[in-house]
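Note that the chains are named A, B and C in the order they appear, and that numbering of residues resets to 1 at the start of each chain.
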Amino acid sequence: MLQEIEILGIVVFALSGIAEAQRKRMDLVGCYAVAFMTAFGGGTLRDLLLDRTPLFWVEHQEYAILVLVLTVLALLFPAFTRIPERWLVLPDALGLGLFSVAGAAYAQAAGTSLFVAAIMGVITGVFGGVIRDVVCNEIPYVFRNTHWYATCAFLGCLLYLVLDAAGVAAAIALPLAVAGITLLRLAALRYNCRLPGGEV
Amino acid sequence: MLQEIEILGIVVFALSGIAEAQRKRMDLVGCYAVAFMTAFGGGTLRDLLLDRTPLFWVEHQEYAILVLVLTVLALLFPAFTRIPERWLVLPDALGLGLFSVAGAAYAQAAGTSLFVAAIMGVITGVFGGVIRDVVCNEIPYVFRNTHWYATCAFLGCLLYLVLDAAGVAAAIALPLAVAGITLLRLAALRYNCRLPGGEV
Amino acid sequence: MLQEIEILGIVVFALSGIAEAQRKRMDLVGCYAVAFMTAFGGGTLRDLLLDRTPLFWVEHQEYAILVLVLTVLALLFPAFTRIPERWLVLPDALGLGLFSVAGAAYAQAAGTSLFVAAIMGVITGVFGGVIRDVVCNEIPYVFRNTHWYATCAFLGCLLYLVLDAAGVAAAIALPLAVAGITLLRLAALRYNCRLPGGEV
């Protein structure tokens, strides 16, 4: 079940990379590279920072091939990246939840302190999109005055880490935290929750 | 004493990140992320390049929490990042000196050659600001035709490395190099020292 | 012989970095930093991703010094970076071939699967230029709708990996793949081969 959601997360993140690359008039190589960095950038940065090795996409070439297939399909059938944005909201929120909580769990397993583990979770969930925007020559979307995004990931990672420290089994704490991030993100969109700073 | 200066360096570098992020209308998450990357980016890149592990801010979560507190304070009290620029000149020059010399010393301890150790020192002192500017969609300030900055770090690191190779005790060579970088930077500002290239 | 070509590749990549940095009005520090990242960025990223250590330019300080000498020469004698672009086409194609195939061979030696090894080859050959463009605040040239570039590297790396898997000796497979990338790149320029996507 977890792996299916992870793959769904990769697909959604890759699609957001392809869409942004196409907006910048990139060709197949550019779309693939941006999709790749969006889907794998957060986890890769986390693994470099924690010195975990080998990287997950180095070990599992099927992930990199999946993103290539997606990119080719998106260029053959442009409708593919013109999916209405609201269809992507739920998978994106799910992907954010799963990537972030998994990142926090990996960091914790590597022995980091609670605050740093939560930061690593946020990096895992969010930095693919940051790299996408930097490479596409935009100020990262997630740093601007938008609805809660990194914030949901941070709070959900904290929830997981506190539950875990309180002795709650991973089989309960993990899905609870993923669901928490997903629901908080959907609520932030619906109720227009924004952080202070950046008001125009 | 050294640790106090290091913390002062982190504070100054973080403030410069927050100020730049605010100029780009980023919210709390964006300001924190940019402050974090400005303060820790140089040392992190050095440690990745040297394969030193664990990273200093992964081991000391209080540094990451300090930057978060600073960011929240800066958003609550905007005057905080409107400190007159000339008040920041000395702490920034000190931070540059300390970060750079510490970076060169770590590189040397990892067994690198003299020139590479000096480069690692410069990366430690300067790359936080480079990452800040790239993420904020600007050409890195330190690469443009400005007063000596990376140059001071490079010369000071060389001074430390040569003194060390000549058998001078670290307790003398380290503060001498830090003071050298700080004073050279202040002199460069005062006497308008610029490198060739980039003239308009 | 291989080392001579590698050094030629470093020189060509560094020159392209200096030229771009000068276009952005950077000073000596900026030109050196961009030249450095263009020449060593791809190999450095590959080594970080594969956890290979120490980095090649950390072990061989003469490479970093060579790029510094080049940068100083380019600022003293501006004609140096105004070399007609067509003189650089062959060395650049050769550098791409050599960097990429070497990268794929290193990845394979580290035990990665075939597709990932080819990706690592492309990263080695191409990412120096990507970093150059990101730091210079441009959308990476190689991601835009240009003549085949990364594509040549990818196909050549696959050729090497397939030949190697078929039991062909490295002394034959390596130069064949380097020549294949070089010739394919020259042909792509001559016959105007472009990938789909990014049409204006």
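FYI, contacts are C-beta pairs under 8 Å (C-beta built on N, C-alpha and C of every residue); 3 or more make two chains touch, one makes a residue touch a chain.
None of these values were measured; they are calculated from a predicted model.
A.B. asks: Just how much do you need to spin chain A so its Cα atoms sit on those of chain B, in degrees to the nearest 5?
C.D. replies: A turn of 120 degrees brings the C-alpha atoms of chain A onto chain B.
A.B. asks: Where chain B and chain C touch, do the two copies share over half of their residue numbers, giving same, or under half, giving different?
C.D. replies: Counting shared over all numbers used gives less than one half: different.
A.B. asks: When the C-alpha atoms of chain B and chain C are each averaged to a single point, how far apart are the two points in Å?
C.D. replies: 30
A.B. asks: What are the residue numbers in chain C that touch two or more other chains?
C.D. replies: 48, 51, 134, 137
A.B. asks: Over in the complex, which chain A residues touch chain B? Could you list them?
C.D. replies: That would be residues 48-51, 112-116, 119, 130, 134, 137-140, 142-146, 149-151, 194-200 of chain A.
A.B. asks: Could you please specify the touching residues of chain A with respect to chain C in the complex?
C.D. replies: Touch list, chain A to chain C: 21-22, 24-31, 33-34, 44, 48, 51, 53-55, 57-58, 61, 64-65, 75, 134-137.
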